[in-house]
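Each chain gets a letter, A, B, C, D and E, in the order it is written, and its residues are counted from 1.
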Amino acid sequence: MWSMNPIRLLKGSFRHGVHPEGHKEQTADLPIQRVPFGSRYVMPLGQHIGAPAKPVVNVGQRLHRGQLIAEPGAFVSTCLHSPVTGRVVSIGPQRHIDGTFTRAIEIEADPFATQQLAPSPGLDWRSLDMVEFIDQVQQAGIVGMGGAAFPAHVKYSIPEGQQIAELLVNGAECEPYLTNDHRLMMERPGALLQGVGILLEKLGAKRATIGVEANKQEAIDILNDHLGPDQPIRVISLPVKYPQGAEKMLIKAVYGKEVPAGQLPRDIGVAVNNVGTVVAIADWFESRMPLIERVVTVSGPGAAYPANLIVPLGTPVREVLRFCGGLRPETREVVMGGPMMGSPIASLDVPVMKGTSGILAFTDSETARPREYPCIRCGRCLEACPYFLNPSRLARLARARMFTEMKAYRVTDCVECGSCTFACPSGIPIVQLIRAAKDNLAHEPRDQGAE
Amino acid sequence: MSRKDPDLLIQTTPVLRQGLTTPHAMRDVWLSLLPLVLAATWFFGIGALLLLSATIAGALMTEWVFTPEPRRRDVIRDQSGLLTGLLLGLTLPPGLPLWMAFLGGAAAIGLGKIIWGGLGNNLFNPALVGRAFLLGTFPIAMTTWSPAGGPGQLFEIQGSLFALPFQSPVYDAVSSATPLGLMKFEQQSTGLMRLMIGNTGGSLGETSGFLVLLGGLFLLLRRDFDWRIPAAIFASAALFSGLLHLVDPARYPGPLFTLFSGSLLFGAIYMATDPVTSPLSPRGAWIFGIGIGLLVVLIRNFGGLPEGVMYAILLMNAATPLIDRYTQPRVFGRKAGPG
Amino acid sequence: MDMDKNLDTYQEFVKGIWRDNPVFVQVLGMCPMLAVTNSAVNALVMGGATLFVLMGSSFLVAALKQWIPKQVRISLYIIIIATFVTVADYSLLAMLPGVHKELGAFIPLIVANCMILGRQEAFASRHGIRFAVMDAAGMSLGFVLALFSLGSIREILGNGSLFNIPLFGETFEPWVIMILPPGGFITLGLILLFFNWVAARKKAFLEQVAQAERESL
Amino acid sequence: MNELVWIFVSALLINNFVLAYFLGLCPFLGVSGRLETSFRLGLATTFVLIVTALCAWFLNTYILIHAPYLRLICFIVVIASTVQFIEMAIKKLSPALFKALGIFLPLITTNCAILGLAIFATNRGYNLVEGLIFALGAGAGFTLAMVLMAGLREETELSDVPALMQGTALNLIIAGILSMAFMGFAGLFSST
Amino acid sequence: MNQRVELPTANQPSSTRLALSVALAGLISGIAIIGIYEATLPTITANKARQLREAVFKVLPGVSRMQQLGFVDGSLKPVDVPIEDLTLYGGYDNGGRFIGYAIPSDGPGFQDTIALLYGWLPREGRIVGMEILDSRETPGLGDKIYKDAVFVANFSALIPDPDIVTVKKGTRSAPNEVDAITGATISSKAVVRIINEGQARWRGKLPAPGQEPSLPDPAESPEAGPGSG
């Protein structure tokens, strides 16, 4: 089914994109450490894409680690579990990353608890049918850990008539600074392959591919060592380029195929998962551990001691940073996620969530914005945009507030990867303008409807 | 914790930027032109420096006067006005009176840039607008070429430079024909070696093919321009002139002469590549370059003028919005480009 | 006509010269204007011919307006205008053959000048003879003024002379482009720029005055 | 043959109706805001120019040799009514074509490019074939100028053009620069 | 402001009335035009004839009378209406003796068509004068083809054998060479080419020397009817 285009094979990647400096050496060799349990945990009810979860606990109720604390609010929604053994302190508004408030369950850890999960033999996943499997994934609260936090069980609900032929595991980790996926692949190859096995069988895919960028050669070697002789799993080394990890780019890089605009990978028979997601699957089915902790990279020039950490969800960023030496005084900005697509945080009180891959601290030298000059139409943004849009034009249209015209220029296809802004020598905040324009467009139909 | 949290900036990502900025690109271009300036001084005496100062002064003063206050510092800082003046100066004949050069610089910025809204908004190459204005205004002075001298004449300044404003120049020496003029009107070819080294008649900056290529190489390595544009110009000029040469070798010069004579190298490397006035998309860049090459061969071989690089670039500048419109890249996952 | 009551002869006359100048403000009748304004003489002759045609046809249209059926009025205006143009064309050919040669095809093209037809439709057909003629006179004088200023700028810079009288002596270096087509476009563009600038300055000044008055109250 | 090539190239590039003869400036400055419209207006104008060349030749050969003084009136009346007639015919025969081009016809018929073509063709004594080639070149040249202008103007809409320059002032300067660029075609094919 | 009140339909004029008013206007306008035409015709014709005569006399020194000749049915005859492409003017002295031809020719120049007239003495095989009738060459450059007396003087004694050729300024060395104008090479070459084309067009069509058409009636002043339009 997958005819490989020879030219694509030679190139082995998608076209366009940018090459930011990796800065991964700060943490690539640091083994994952566990952050000790603290006292206060905050679990926002909407830390995934879709409807917020509904609390099933009351204030004051005692919890043990891994206990269900909120159930899905809809099909596109998922469960939350308590990251610690402790007590519900409040259910109400808490700081969110963008500075607004969001409903969250606040938990006080029991200082004397061992914080051990009860040992479990796991689940006999082979006997589950598809409906039960999907239900289990939702029960485990698993969401995509590549950043989008899209509930995994929704991704696995393949509509009638579609067939998944290929499982693609996203180990690209193209964002600079981040090494959490890298370490995970090195340190838990067994779990990863286990998870791949489960997904292969349950999704009915014929083959799995783990796509890893070439700057993680040790991970590739370790995974290859762990691969059995006739497993339908292969590990592919990809040239380093941002945004290789964007799923459609990864598919292009691995299979040479384009997912048509407006469609999903599964429409061409591919399921894409981040390595973290796959490990979470393995953890649930092998040892019944729901998604209550994740690997986070703490790095950036403002971080005193960069590290790769296993962090219980809900841990305030402040606590994570304190564990690894805090921030340097020259820190100006803290970003949750990668430096290209992550979100700056307004307060160190926000908690680590399911989608948090990194906590990066930047100083003046990174955050000082270049002086803005007029667009000189150099075309660098065009050559950066992996979606082959015309960011220069989009930015000019956005400035002229010609939002409707932007639709003709396919502004809706933009994934906001930021490559264009990165590449622009005139310092034009292109992706920022695009985001603002998209906001405007999103509100437009409603306004018209009201008239 | 006793220590206070830092005041956190909230600046949307991406945090990182690739290092190059617009003033850097402009600086690279004028740096790469310095060898040409030196060569021009060597061949035409220090009068060349005066001429270049006149165009630059005309350009910068116009830009300063007509830019509203808050942006004045920026427009000087971005160095594009300096570049326009310098590039215009390098396309002028060595004996042009200074007042004309100053006027040319003013026209370049005034007509070519300010009225469009300044840097980035102009649709025609400002330096070439200035040159076209001068050529149309003073056709005789602009086609009177003084011969290239040597270091012996380094400190001799041609009297014609100092013609009073609004007055016709008087030339000291007999004017010399340029290689293209010789070719067109006397069917006389000039050797390739002389074209490369540059001791031929012609504009200040275009005479030494070798140095122009060297500057181009520098810009290529620094990735300051779109290499496709010069590549397409060279390829199409060579192809079309080669075809004509096959038809009638006596009448139409071959590809090598076409490439190395006149301002083709200079125009292709420094002026067609002006990012502001050339197409955005890679496919557009190819079409743009091929169009320039074709027009140059057309004008040189069939037109009334010996040289057509300037007109070819201006005409393709005019077509650039159309090229851009019809060469939108195909959007990822779609069958066609936008628009 | 009753609407004529609130008109003022003088006002109708001057408005065409500056405030509603057909070229600089309304941007009408550009073609003949740019094509022939490479010297002051050509510009004046062309302006004179236009003045003759416009005044004549405005007079006729205003005089005959009761008899002109609405449905065919445009055809009749054009016939009237074309007649005057032909008269102007032959008279010039007989009287000033040299200038006629330079103006060439552009005299007959006065027929197509939208300003003339526009005045018939917008003014002459709705007003009395006196105002129609005043309006036509003002508009044509405005047109002549525009042609003349453009023509003299182009001739002075492009040829160093005005009405063929050299102004700057032998060694003047003419700005050839001013006489060529690009010079026409660019000069008119710059004149319009100047008009915009004056208008903007005037507006700013009036606003300042209003502001000062408000403050002093 | 050579003569025909020169008539065509001259009307198309060297002596472009708009950029060198200043004919048809109203549509050029007024209707060139949108590329699509400009192109269609250009096509419609080319069509009317060709009709004009036919009419002019017919009138010159059969009528005006007897009554030269009726030239102007004849041109206007005959061209306008022929175009009117064709307009009605197109409307009947091909509503699609009418929608694409027909709406421009009334706008064009009285414009000076049309009349200018008739007068130039007469003054130069072109025969039928020469007249048609002249019309074709003039129309193509007009379309070229319109389309280039429209492309440039659409782009300036997104630029920070100073308020004082906006509108006709800038358009005239663009036309001036275009006209300068077209000077490069001077002498084209005339020496061969 | 100008609210137009639509007239009731009953008052609408009938289409015959519309047609009649247009026809009436046409009639009046026709009369006016014929009037001015008749009034100016003598002056205009006289002007044109004078201009033509002056040009012919200028390119054919010594000529004081002329007539329009056309190539019809294989021979050169006096004609009233010019024959397309094949019209020229015979020049005669006071005594009615034939001297030479003034040949009009035109062709593309640097900017636009150049129309010129040149004087040709068939007996001596010499060109003796050239006058530009119409051109749009660049002021200051191309217009030297008629403003530069030195260039025009090139054409006062030229032997086109076999053709005229243009040479670089100052290098004229043979009787068939013309010095180009520096800076206006194209225009100067165009003039030469246009004359050569004129020569080529008439080659073999001019009668043998001595057989030229004579003036119809030496006493009557010849009138060359200028083309209309």
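A few points about this structure:
Note that contacts are C-beta pairs under 8 Å (C-beta built on N, C-alpha and C of every residue); 3 or more make two chains touch, one makes a residue touch a chain.
This is a predicted model, so every value here is computed, not measured.
Chains making contact with chain A as well as with chain D: B. Between the contact lists of chain A and chain C, the overlap consists of B, D. Chain centres computed from CA atoms place A at the largest separation from chain C.
Using the average of C-alpha coordinates as each chain's centre, A ends up farthest from chain B. Between the chains A-B lie more C-beta contact pairs than between any other two chains.
Chain centres here are Cα averages; for chain A and chain E they lie 85 Å apart. Centre to centre, using the average C-alpha position, chain D and chain E are separated by 28 Å.
Mean C-alpha position of chain B lies 34 Å from that of chain D. Each of the following residues of chain A touches two or more other chains: 374, 393. Residue numbers of chain E whose C-beta contacts span two or more other chains: 26, 29, 33, 36-37, 110, 138, 140-141, 186. Among the residues of chain B, those in touch with two or more other chains are 111, 115, 118, 120-121, 133, 136, 139, 304. Chain pairs that touch one another: A-B, A-D, B-C, B-D, B-E, C-D, C-E, D-E. Interface residues of chain B, counted against chain E in their complex, comprise 139-140, 143, 185-186, 304.
In the complex of the two chains, the chain C residues touching chain E come out as 3, 67-69, 71-72, 75-76, 79-80, 82-83, 86-87, 90-91, 93-95, 97, 101, 126, 158-159, 174, 176, 179-180.
Remark: chain B residues 100, 111, 115, 133, 136-139, 141, 163, 166-169 touch chain C in the complex. Those residues of chain B whose C-beta lies close enough to touch chain A in the complex are 1, 3, 5-6, 8-18, 20-25, 74, 78, 80, 118-121, 226, 275-282, 285, 328-334, 337-339.
Those residues of chain D that touch chain A in the complex are listed here as 157-158, 160.
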